[in-house]
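Multiple structures are listed underneath, in structure tokens.
Presented sequentially are two complexes of chain A, the first with chain B as partner and the second with chain C.
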Partner chain A sequence: MIGQQLLNALMLGSNYALVAIGYTLVFGILNMLNFAHPNVFALGGFLLFAGVASLALPFPLAVLLVIVGGVVLGLATELFCFRPAEHLHDELAPAISSVAFALVLTEVVAKVWGSEPRRLPPLVGGASFDLGLFQVSTIQLVILILSFGLMLAVDWMLYRTRAGYALRAVAERRDVAQLLGVNVRATVVLAFALSGVLAALAGTLLAMRLGLADPNVALSYGLRALAVMVIGGLGNVRGAMLAGLLVGLVDVMTLAFLSQAYSGVAAWVLLLLVLLFKPSGLLGTRLQRESI
Partner chain B sequence: MAETTTPLLRVESLSVDYGPIPALKGVSLEVRPGEVVTVLGANGAGKTTLLRTISGLLRPRAGAVRYDGADLTRLPPHAIAARRIAHVPEGRGILGRMTVLENLKMGAYARRDRDVERDLDELTTRFPILAERRQQPAALLSGGQQQMLAIARAWMARPRLMLLDEPSLGLAPLMVAEVFRMITAVRQQAAVLLVEQNTRAGLRIADRAYVMELGRVVLQGAADELLADEQLVRAYLGRRPARGGTSGGASVEAAAPPARAAHRSSADASAPPARPSGGTEGAA
Partner chain C sequence: MLDPSVFLLMGVNILMGWSFYVILMSGQFSFGNAGFMALGAYTAGVATVKLGLPLAVGLLIAVVVGAAIGWLVGLPALRIRGVYLALATIAFAFLVENLFINLDYTGAQVGFYGMSGTTLPLVYALVVALGLLLLRLQHSRLARSLQAVRENEVVASTLGLNTTYLKLLSFSTGAAFASLAGALYAHYIYFISPELFGFFQSIWPAFYVAIGGPETVIGPILGAAVVTLLPEYFQPLKEWRLLVFGLTVMALIAVRPQGLYTRRMQERLVQGVLALVGRARRRTPETLVSPKVAEPPFHN
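Let's turn to the complex of A and B:
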């Protein structure tokens, strides 16, 4: 029983983490929130639905479709909402634009797929493995491997690759990064592309877990991931991962041992606690920015 | 002065504005290969603006920056860095959340060759403190160590020209000596354009120097000559835009040192770096 709950917590938590990483990448670099992010997340589920149900593609190809869709949506967000306001040095204009873009995406989903959840066809074989403590089905195993694989990949990219160094340098000191030879425009674009892919893939993974593509997850899960980002420490990717897993755990445990009524509240309660006792977040090490 | 070599860097009548306020008003200077050139001037003279314009962070209103025969004036900063101009900005520009080692690797970001690891080894052997603390966040280093790291990081770019903005600012005398020792080492590999508030140390290490005042070059010459006539140099350094009392007289000729000269030069005849903290350049 407890093992089964742990499994659920890992699936839910890694999902929160993936969405929160996407928020964090953009926030870390631009100090701005992308409110279209939860809608890209929800769209990820529908892209999977389009792939496996409407187009009857094999699962890997459907995932490829999701990845391409995520990149395109991330780049579109940058191009339509953030780049036009670049010269304004204003943090509100792009945020409002991204709200507008979020509304557009919501309407697109409603027009194309309707506003009700759509059931996915079975994706992989129904075999399940007994691991002593708990049983895990093939699809759960796939979800777990993909989720944690993605988290490790992001961490590896940030700390081991040239692009990752560029992202971290720009996030910390844009002007210094430029002096060291980093192309800031390219780095911002990369952050949005990554953010879009992570959101879309997280949406796909959630849809796989629920067995349906649901437009309402943008406001429930997607918004909770925003709290997850703050809990982890603004602009801190590892913090977002840790906080995601933590919120997932608390969420599942309240559902299992308290009441359905409290489901989804964990993120907000933890957010309040963090803001009260450690406002910089779990791994928040945001240093004082030097004035330029 | 007679032109012996073609300059590596040539700044031509550069004018830069901050909104409606002019910061540089037609500054010209040059740096030849292998040279150390110092730019002196009081707070607000435009020294930092000059360096930030050369490396592309600021766009000039008029004038040009030529480097190795190419026009850098409209290039973005990353393209200028790729031409092996390394800029150590005011306040060191350390990436405090990254480790010491990661900072050094960022120094080589613009490089495409395969010798980065070898250069890293060489640097860390030369500066054991950087090796010792390589896995620590750079923010944990002391101010002097951060300045060493900043110069070492710039050196990792294998620059042909290094721009140094007030490397001795806020450092204890021992660290100042160390930093100038590093600059002496750098000049074996690269030309240096150094902005300094420490007049004497700046002139001692330089081949030539320019003195700036209120966005203009008001004095230039061989460093040893200026060192011999330190009174004259200090005369310009002493005047500041806010309380100079001669704010209208911007077009001062080199032969007319203002009256505040004696007042300032008497104060720091001995220990050069020991400035009171509320001094001329601290608040930038």
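Let's turn to the complex of A and C:
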């Protein structure tokens, strides 16, 4: 039983982590919150639904559709919400514009797929493996491998590639990075594209786990990932991974041993505790400068 | 012709907009004002329905409770700022929502009903009174001190300002505004339930301020008017209206990220009116308009 719960925690936690990395990429670079992110996350599930159910594509092609959708939505967020207010150095206007974009995305989902969750067709064969402590089905295995593969890929990209160096340099000191020849504009755009892809893929993975594409995950899981971002340390990708797993564990345990009434609150209580006792987050070393 | 109830809601929304604006005056973001709104709605509701007190007393209790809890929440929250505080307030709003979902005394998830008595004149009397108060304070020593805290807290504290007190004051005043708005709202719609005070209820005040303009008292009024009335005028669009509304807001912010009504416009307007009245020579404009605060020479 406990083994099964740990497996659930691992899957939920890696999902939180992926969404939180997307938040943190944008926040690390612009110091701004992107409230359209949770809706791109929810839309990821529906793009998978469109791919495998409506268009009857094979699974890999459907994932490709999700990736393309994520890139497009990430770029659209940057272009329509964040770029127009760039010259003002004001944090409120872009944040609110991204909320408006979130509203638009919610409406689009409701128009195209309705406001009720849509059931996905079975994706992978139903064989399950007994590993002593717990049973794991093929689809759960696929989800776990994809989630952790994605996290490792992001980590590798950030710490081992030129684009990753550029991202971290711009996050550290934008002006100095520019002086050193980093193309800041391209880096910002890259951060949004990457964040969009991660959100959409996380939404796809969640939809695969739940077996349905649900528009309500934006306000539940999607917002909780915001708490995960801070718990891990703002702008810290490895912290977001660790915090995601931690919050996933706490979430699953509250659901299993306390009551359903408190399951959604665990992440927020954890956030307040972290802010009270270690405001820089679990792996954060410095406090973000005073901006949103 | 629009329904009068829309204007009542607009008044409540103006108060919510000011609750965000007042907290922003000290440079802090609160995305949890629905939490204070819920507290105001429920405490005033309990006061009038369960205890049988008159509405005026209920409103007063809501204001006091809102300010007190704002103060208490603000105390630990002052260790943190910027996005940390914004997220802490989101967490606070979620906790309050969860509290009322689980609190059987006020009907838990089902909701709490029986509140009545909010009228259009009552709402606008309060809006006008509080608006005049805020306008009166706009060029006061207090407002200037808050502005100093917002521009640069370190500099403000070296100038001898008690930044902790100023931030707490603005936070708890904002909380009181939201609480009052919640109490008025509850006594208008008769029936309240926890999901009325969800995340979006916290975000709307930020909409009003961002759209109307964060620099002036008038800005949030304009923003609340736009956000409340636009969906009404979009009625003919039927089920497309929220989509069009979202796109309109995005377009508005893209075209005027500084808000519809800025301090510059206000200064020009004041000068224009004064010139028109012919008093420009007797009172120098400098004493009436606020000077632009110079950019601090360094960023930390």
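Rule of thumb we're sticking to: the second predicted complex is superposed on the first by the 286 of 292 C-alpha atoms of A that agree within 3 Å, B and C clash if a C-alpha of one lies under 4 Å from a C-alpha of the other, contacts with A are read in each partner's own complex, and residues count from 1 in each chain.
Assume a contact is a pair of C-beta atoms (placed from the backbone, for glycine too) under 8 Å apart; a residue touches a chain by one contact, two chains touch by 3 or more.
This is a predicted model, so every value here is computed, not measured.
Colleague: Overlaying the two complexes on chain A, which is it for chain B and chain C: clash or fit?
Modeller: Fit: chain B and chain C sit side by side once superposed on chain A.
Colleague: With both structures fitted on chain A, tell me whether chain B or chain C touches more of chain A's residues.
Modeller: C
Colleague: In the superposed arrangement, which partner chain does A:L179 touch: chain B (first), chain C (second), both, or neither?
Modeller: Touch status of A:L179: first partner only.
Colleague: Mind working out whether A:A166 is in touch with chain B, chain C, both or neither, as first, second, both or neither?
Modeller: In the superposition, A:A166 contacts chain B only.
Colleague: Taking C-alpha centres, what angle do chain B and chain C open up at chain A, rounded to the nearest 10 degrees?
Modeller: Once the structures are overlaid on A, chain A sees chain B and chain C at 80 degrees.
Colleague: Check whether A:A56 is in contact with chain B, with chain C, with both or with neither, and answer first, second, both or neither.
Modeller: Touch status of A:A56: no partner.
Colleague: Which partner chains sit in contact with A:P84 here, chain B, chain C, both or neither? Use first/second/both/neither.
Modeller: It touches chain C, and chain B stays clear.
Colleague: Going by the contact rule set out at the top, does A:P279 touch chain B (first), chain C (second), both, or neither?
Modeller: second
Colleague: State whether A:A93 touches chain B only (first), chain C only (second), both chains, or neither.
Modeller: Touch status of A:A93: second partner only.
Colleague: Please work out how little space separates the C-alpha atoms of chain B and chain C at their nearest point after superposition, in whole Å.
Modeller: Shortest inter-chain C-alpha distance (chain B to chain C): 7 Å.
Colleague: On chain A, which stretch or stretches are contacted by chain B in one complex as well as by chain C in the other?
Modeller: 287, 290
Colleague: What does chain C use to touch chain A in their complex?
Modeller: Touch residues, chain C against chain A: 24, 27, 29, 76, 79-84, 86-88, 90-92, 94-95, 98, 101-102, 153, 198-199, 203, 206-207, 209-211, 214, 239, 242-243, 245-247, 249-250, 253-255, 257-259, 300.
Colleague: Please name which positions on chain A make contact with chain B in the complex.
Modeller: 162, 165-166, 168-169, 172-173, 175-184, 285, 287, 290
Colleague: Enumerate the contact residues on chain A facing chain C in the complex.
Modeller: Residues 27, 31, 33, 35, 80-81, 84-85, 88, 90-97, 99-101, 103-104, 106-108, 111, 219, 223, 226-227, 230, 234, 261-262, 264-265, 268-269, 271-272, 275-276, 279, 287-292 of chain A touch chain C in their complex.
Colleague: Give every residue of chain B touching chain A within the complex, in rising order.
Modeller: Against chain A, the touching part of chain B is residues 55-57, 76-78, 81-82, 86-87, 89, 91, 93, 95-98, 102, 105-107, 109-110, 139, 153, 157.
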